[in-house]
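Just dropping this structure here.
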Amino acid sequence: MRILLINPNSTAAMTAGIEKAARAAALPTTEVRAEHPEGVPPAVECYADEALCIPPTLALAEARAAAWDAIVLACHSDPGIDAVRERIVNPVIGIGEASYAAAIAAGRLFSLITLTQRFVRRKREQIRRLGLLDRCASIRTLGAGVVEGFEGKERLRDRFLAEAEAAVRQDGADCVVLGCSGMVGIAEDLQAHLGVPVVDPVVAAVKLAEAIGPIRRGPRR
Amino acid sequence: MRILLINPNSTAAMTAGIEKAARAAALPTTEVRAEHPEGVPPAVECYADEALCIPPTLALAEARAAAWDAIVLACHSDPGIDAVRERIVNPVIGIGEASYAAAIAAGRLFSLITLTQRFVRRKREQIRRLGLLDRCASIRTLGAGVVEGFEGKERLRDRFLAEAEAAVRQDGADCVVLGCSGMVGIAEDLQAHLGVPVVDPVVAAVKLAEAIGPIRRGPRR
Amino acid sequence: MRILLINPNSTAAMTAGIEKAARAAALPTTEVRAEHPEGVPPAVECYADEALCIPPTLALAEARAAAWDAIVLACHSDPGIDAVRERIVNPVIGIGEASYAAAIAAGRLFSLITLTQRFVRRKREQIRRLGLLDRCASIRTLGAGVVEGFEGKERLRDRFLAEAEAAVRQDGADCVVLGCSGMVGIAEDLQAHLGVPVVDPVVAAVKLAEAIGPIRRGPRR
Amino acid sequence: MRILLINPNSTAAMTAGIEKAARAAALPTTEVRAEHPEGVPPAVECYADEALCIPPTLALAEARAAAWDAIVLACHSDPGIDAVRERIVNPVIGIGEASYAAAIAAGRLFSLITLTQRFVRRKREQIRRLGLLDRCASIRTLGAGVVEGFEGKERLRDRFLAEAEAAVRQDGADCVVLGCSGMVGIAEDLQAHLGVPVVDPVVAAVKLAEAIGPIRRGPRR
Amino acid sequence: MRILLINPNSTAAMTAGIEKAARAAALPTTEVRAEHPEGVPPAVECYADEALCIPPTLALAEARAAAWDAIVLACHSDPGIDAVRERIVNPVIGIGEASYAAAIAAGRLFSLITLTQRFVRRKREQIRRLGLLDRCASIRTLGAGVVEGFEGKERLRDRFLAEAEAAVRQDGADCVVLGCSGMVGIAEDLQAHLGVPVVDPVVAAVKLAEAIGPIRRGPRR
Amino acid sequence: MRILLINPNSTAAMTAGIEKAARAAALPTTEVRAEHPEGVPPAVECYADEALCIPPTLALAEARAAAWDAIVLACHSDPGIDAVRERIVNPVIGIGEASYAAAIAAGRLFSLITLTQRFVRRKREQIRRLGLLDRCASIRTLGAGVVEGFEGKERLRDRFLAEAEAAVRQDGADCVVLGCSGMVGIAEDLQAHLGVPVVDPVVAAVKLAEAIGPIRRGPRR
């Protein structure tokens, strides 16, 4: 099976990180590649960024559809997922939707941990639109200015563990979703400490793409 | 990683089929085994069967917990899943819940295809309890007496395709869930014909167990 | 009419207390008995206890079905209620479901008062599954270690009144559900002080069983 | 205990029928009376009738509150229930709300059977407002002109049984609510034929009023 | 077009204020009048007031229906709206329903700001009944005794701004509904300071009545 | 007040029609203009069209924000509404959201009438995401190939009336939403025949933009 992950932002290091995480999760017989379109913003931090990244993402998905079995949209906001599904016959998985799907299979009530307060409304809206609000125990943040302020992974990890523990103890969560793209690849370590599932959205998406498997390839019609 | 699938009924051929499907879905580095407890009914066709199979399933899960990373309950009704989660620290995945989770990641509206009319109320109730009723386009059946009446896989496949096509055309489904345990292993073929994802519950569960990965093992406290 | 209450745990004093409360609630022409099956746990405090008590409860219900008009499952978790309904033609009432039903008839928003924090997630899940989450103002607890720590009914009563008053004042509840089985029989006293309905689950179940009345008796088919 | 049922319409025969049904359902120690206010419409068949009957109903409830323990509003639309609760400290039960409450305690999915098509929208709205729409399998009617056209109870009973059987077979209902006030007192006979609970709203309300018991009496403040 | 606003309370100054606000919002070609029925309470502060004002409101609506194109019920509780719709063929708009409708068109999550704590339960219930609870970020109040205690509009305005800012910052609201009838006519000033839409219920109702336009006039049938 | 309607497709006749309908609905003191961005598809018939039209729409909204008080997105899918709201401080109204808002203020249950079967899934999803699915009686269509096949407005009008009448009679709708952009400007005529409100999305949006009024203008920050 061949899975293409499209990172809808233009930060090459992030594309590389996504490919690495996907590679580690996939079957050895699965070919995996991550790519980003030209002309997209360096990060997708708001609805407007999302809007701007969709047309190039859509074009890239159409251009690559004939050569890959599944397309994974590698941004937690799942930008343009309905449009991509409409244009190509391949299965299309968004890492945001995949992360919530994994969460409801892993427990009864999930908490989402995201970077800063200004993401909360959008994330709440995303969960509400998927119809999963009553499976969500809480949305917690790592504190304003997190990205800039952190000197290293160590401090980020500590903050994450503190919030995740509060989610489990106080909010009743029995599963935590990593809504923070900078943390791809550390779910395994985190959940060993927490004792409850910590969902890595890229891993969830690759596994679900493999679960569906190849269907058809190429543009629709 | 080591995944144990517990088939809560005592039909050895079914246990074998589950193990085979799981084996085909898992990473080569994942060790997979399917097992059924002693003293359970030959099939789980109703709430009462479910009730009877839970205590032996729970005992088996506890007995095996220290040696396996994840437990998969390999019955689409997910019998006793909350009880098993309560008793062991390992991740516990039910194939029913996993199939619906995969479905909502694969599309907007799923249809469930189950064997006979008498399963419909229970299936509707299961979906309602998970909070996914408004993501469900329809529950369709293969007709009364299906199991007994079929001379072979061929006819079952035709009936399934007819119902699945109606689900897509008439009910608006863009994803189909195989709620019929006798059909494990044929999703790939079916979806190639339909052109939309067909979720195999065992495959979905194994992939989601791998997505979560090992956490801790053994009885709780 | 003849109502059998099955206490799915083996604590004889509790069975006796249930019978006494039921007797006080029933019509004089209603015959009431409480019984517990052999081989069940002494208390149903978790999903696993629930699972273990169901098969003997089911067997007892089937064995007694021909002689009684209605079966009441006298545990607030309603263990095995769907299975029992499936096996016998008699009306089957769970005291948990009956308590929430009475609460939504008594007001607009109920609060549930349960013993300790570790019950909250299960109780929230029970209410969510019944589709009544938006009629629930809050779930409050009497504090950890309550059962062990109380020297007498007096202190329990004070704690209950304090929490119930907070539910009414702060959470907007206009009805309180007694989710604490040790408190059967004191609802009347409590609600006289609170001034809002306090639902006793055993009383609610007996009244609803009488409201339905006899239908048919015995195993299904 | 003393329960006053207020029939908000001025049809004396109906008031008498309600009292008779309530009397048959109540404990021998419960005093029961049905009364209707002066100056209300002869029937409550629409929202406007409802509006017109509320002020006299409210006045009667206030005038009687000090002498009775509970007030039952004996109209399936529960006209003015929030207003009555606001004015008096006694428990107030509506027969509509009580009937749905009994239905969700008696099964998983109820069907409501009402007289004619023009009631369907209002009944659907009532169920939606109570938050119980996903517990409702269907609303069925006995056909236009039913009241006028029936020569006797016999034909009404046949029509009811036909619709109730369709609700169970086709709609998946496992409980039926009698939404037809002219049929008070025949639920017992009907459910013996159907084999599933048939809820009589007056009986449900009396039982739930007794389940709550006396709290306080009289006007609020 | 001719729009009649019925103020269901008898406070003439309020009727005048409503007419003024409506006049300012309407097209110059729209004729606007506000009127109140005889024999209604001076204010509609509870369900009982509501009940008492409905029959005269209904009678006035029927009496005026032939001469006006639309009827606006100018009380935030929308008293008797279903009854009025049933009796006349004209479009009928309630200012409460109109204010929530405007709010969901203006943003994703609204907060309602009402006078005192004792209105909160009723307002929550109104929003829940309309099916909009998951679009509501919070219900905030201006503090007990507000009406009596304020020396002038100035202090009320400050309190409102403080609560509205908290709704936006802490509760995630992106739109605020003025649930406080004494504040009609100041939404424009408030929203200029807040920077998010502040919905004036009378303005919303007049605009929505104009959006629908004339249909038919007079009593039904 | 100055309202700019952005038609996100490049069909000039449609832009002109939108401006005309908006002009007819607005206050004489309201300045109204409709405009479409360069480089957008000729029609927005699918998610992919939607995606392609959003970046130019967003750019146009930002470029015009300082000169207009409100921006109306004049496409029933509300493409990019969250992105536009994020980038500018002006109120932003989508005609789709406005049409559903007007519908819930005009009645209890609305039906949407759209052109062809292939729009139904998207429209259902739009309504579901807004949280209004339980206020929607049905989605009806005018039949495949409608646009091409119609020789004139006359036949379209007949088809619409037939579907709308069925929505009211059979589905229980008491309000109809025009989800068919080619029909802008005929709602008034249609509702005179139907006798229930027919919502024109452009009119609803202009009225709601006026209801909110000016707040602030220009790009955010």
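For clarity, chains are labelled A, B, C, D, E and F in written order, and residue numbers in each chain start from 1.
The definition used in the following text is that a residue touches a chain if its C-beta (ideal position, glycine included) is under 8 Å from a C-beta of that chain, and two chains touch if they have at least 3 such contacts.
The shown structure was predicted, so the numbers you read here are calculated from the model rather than taken from an experiment.
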Pair exhibiting more inter-chain C-beta contacts, B-D or C-D: C-D
Relative orientation of copies chain A and chain E, as a Cα rotation angle in degrees, nearest 5: 120
Chain B-chain E separation of Cα centroids, rounded to whole Å: 51
Chain centre separation in whole Å, for chain C relative to chain A (CA means): 43
Distance from the mean Cα position of chain B to that of chain A, given in whole angstrom: 25
Residues of chain F touching at least two other chains: 82, 85, 108, 125, 128, 131, 134, 174
Arrangement of touching chains [line / ring / star / complete / other]: other
Those chain pairs that satisfy the touch definition: A-B, A-C, A-E, A-F, B-C, B-D, B-F, C-D, C-E, D-E, D-F, E-F
Of all residues in chain F, those that touch chain D in their complex: 108-109, 134, 172, 174
Residues of chain C touching chain B in the complex: 46-48, 50-52, 54-55, 58, 80, 82-87, 122, 125, 128-129, 131
Touch list for chain B against partner chain D, complex: 120-121, 124-125, 128, 133
Residues of chain E touching chain F in the complex: 25, 27-28, 82, 85, 89, 91, 93-94, 97-98, 100-102, 104-108, 130-132, 134-135, 174, 187-188, 191-192, 195-197, 199-200, 203-208, 210-216
